[in-house]
Amino acid sequence: MTLSTITRATLMKDLRLEWRSKDAINAMLFFALLVVVVFSFSFDPNAEESRQIAGGLVWVAFLFAAVVALNQTWARELRNQVLDAYRVSPAPANSLFLAKAIGNFVFVGVLEALMTPLFIVFYQLRAVGPVWQLVPVAVLGTWALVVNGTFFAAVSIRTRSREIMLPLLLFPISIPAIIAMVNATTAILTGELSIRVWIVLLATYDVVFTIACLLFFEMVLHAE
Amino acid sequence: MNFLYAAYAATWIIHISYLATLLLRYRRLRKQIEELRRSQ
Amino acid sequence: MKRIFTVFALLTGLLLSYALYQALIVAPTEKTMGDVQRIFYYHVPSAWTAFLLFTINFVASVVYLIRRSSAADALAVVSAEVGVVFCTVVLVTGPLWARPVWGIWWTWDVRLTSTLVLWLIYVSYLMLRRFSASGETPVLAAALAIFGALDVPLVYFSIWIFRTQHPQPVIGGGGSIDPRMWHVLLINWAAFLCFALLICWSRYRLEVLKREVEEMQALEALLQPRGSR
Amino acid sequence: MIRIAGLIKQFGPFAALRGITAEFAAGSLYVILGDNGAGKTTLLRSIAGLARPTRGSISILGNSEVRDACRDIGYMAHPSLLYDEMSGMENLRYFAGLYGISDDGRSENVIRGVDLDPALTRPVGQYSQGMRQRMSLARALLHDPKILLLDEPFSNVDYRSALEMVKLIAQLRDSDKTILLVTHQATLLEDVADEFVWMEAGQIVSRTRELKLLETR
């Protein structure tokens, strides 16, 4: 029984459950779509202006949508209290954490892949800088959101007002990652500045908090 | 100059209102202790 | 214990009045900013005190996770709460100084922004403590405190790069500072530290009392000899 | 063998358990009775390692840390602890993986043991309450634990299925397992239980061999 087999089994189970119910992905997609539409009323989306603010816009939309998915991950485990079945088993807590974090990464990644064309269409986006650089920014940025998001979603299920608690805990901690993601994206779209320093920052953030989550998750899982 | 007084006043208003909440909480606890005593 | 507390409270009051006198009257008037600069004597000591309290919160959280001692947890709550109060003072006095000096209430500069983020993190910490339903609140809170502390350097760094990449309004100040001003500043810091200690002391006693009451309420039936049902 | 000493469990200002000291021997079936809110479920959850004691200790088969004994504990809760969207077999296959059991034979046998068909592809959410309870019992038995903690196994189960379950539980007891069972339908177990434990306001107030003695108290 290794960490990876249980992680894989849990991940497959989560993907299967999501495939059957499609709760998280539907809610998330619709929510992000709403954000795109609502934002478009707040300013005049011409090409030049969009380019300046799209970085922030895109990530804010993803962030809010991700919260929907993150709340779903544990909500799924709380129905019928299935989480208790995991907790009484000898399976390591970190397998569960990794499975959940990877699962969320996949969900949010799918969302991003689907939403990006929408943004391009609605805001007439056209990057001036090297577009391929968006890939590492998206990967590192999404992991940054998802790793702490999964952790704090697990914390917030132990509180009274679960769904509200997650953003309250997650957003302040995520500020450095958000600054990095937004600025890197804007830099690529406008083609003005190098994104190297932001990539370094995101990578540091990812490493620091992945380690921290793995160290503390067991404690949080069994906090009752 | 007015800003100076505003800042000093704000500082003490914040501190004093915090102390007031502490006092309130203390009173509430005292009341609970009384109730516990009576019930025993 | 009660007498020491009273004496200490009186001394703190005296020290605070003396520091106020020093700040308003003794300290020399700054040449470019004028009297408004005196806000500095409240603003800076509050900031230092707040940072000190947040550091204490971090240490207490780590100690709690290692030893699981209730005292460490109580200290963590107290330091976070009082720290947020002092941090609020910093965030309120800051703009009141910035408006006349820089002409703007707020600028997204490194120090301001990271203080704001710090404040947000610790407010979320207090929220978690408030809303947590399980008996294991201290564990969750301690984990958040450690995450928050890990976040601080990243916050500072990210805002610093953000600021250096984007031009911003030129902010004056800096330069060397009159030694007499230093003197007044340190007196004020000492006064506010004593004041913080005083508040923490009362808040700590309140926290201990609260826990005792909760335990008493919870175990009431245990202390009483049970009657028939 | 379970040994509990001075167990107190507090949820904030509310104490669910107020000092429990008890021993439960192997090869016996204990039926825990009591009104709602008496702390029965919290007691089972504490023994299962789901709720950490505020004070006091629990030792299971000589392990003072409950988590170390988790392979020997089978826990059936009031909710099903199953994923509604997956079939019974899919559920058990996943949970077997958590215990490092990789062959499906074990899961199939356990499902047959509770009188269900492993080939059933319907998701558990569409089962009748009785079937779900039995599947839930199967999940608890999956890793052949020495200690069984059953929380309301018969709720909403029709009388005949309940009798079947009682028979199964009696067999398990005879194979030297320690069984703690919380229920409101004590009469079902009158003939097979070894001891009845009455809980009230977070404490054990009496233990008897005969259910009748409890009722006349």
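Think of it as A, B, C and D in the order they're written, each chain with its own count starting at 1.
Following the convention adopted for this analysis, contacts are C-beta pairs under 8 Å (C-beta built on N, C-alpha and C of every residue); 3 or more make two chains touch, one makes a residue touch a chain.
Because the structure is a prediction, the values reported are computed rather than measured.
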Any chain that touches subunit B and subunit A: C
Pair joined by the larger number of C-beta contacts - C-D, A-C: A-C
Chain occupying the most central position, where position means C-alpha average: A
Centroid spacing, where centroids are CA-atom means, of subunit C and subunit D in whole angstrom: 49
Interchain centroid distance [CA atoms averaged], subunit A/subunit C, Å: 31
Subunit A-subunit D separation of Cα centroids, rounded to whole Å: 38
Contacts with two or more other chains, residues of subunit A listed in rising order: 223-224
Junction residues of subunit D, two or more chains touched: 52
Subunit B residues counted as touching two or more neighbouring chains: none
Interchain pairs in contact, sorted by label: A-C, A-D, B-C, C-D
Residues of subunit C defined as touching subunit B within the complex: 20, 34-36, 38-39, 42-43, 46, 82, 85, 88-89, 92-93, 96-97, 99-100, 195, 199, 202-203, 206, 209-210, 213, 216-217, 220, 223-224
List of subunit A residues in touch with subunit C within their complex: 148, 151, 155, 158-161, 165, 168-169, 171-173, 175-177, 179-180, 183, 193, 197-198, 201, 204-205, 208-209, 212, 216, 219-220, 223-224
Partner subunit D, residues of subunit A touching it in the complex: 1, 5-6, 9-10, 13, 16-17, 20-21, 76, 79-82, 84-91, 222-224
Subunit C - residues contacting subunit A, complex: 65, 117, 120-121, 123-124, 127-128, 131-136, 139-140, 143-144, 146-148, 150-151, 154-155, 157-159, 161-162, 165
Subunit C partner contacts - residues on subunit B that touch it in the complex: 1, 3-4, 6-8, 10-11, 14-15, 18-19, 22, 25-26, 29, 32-33, 36, 39-40
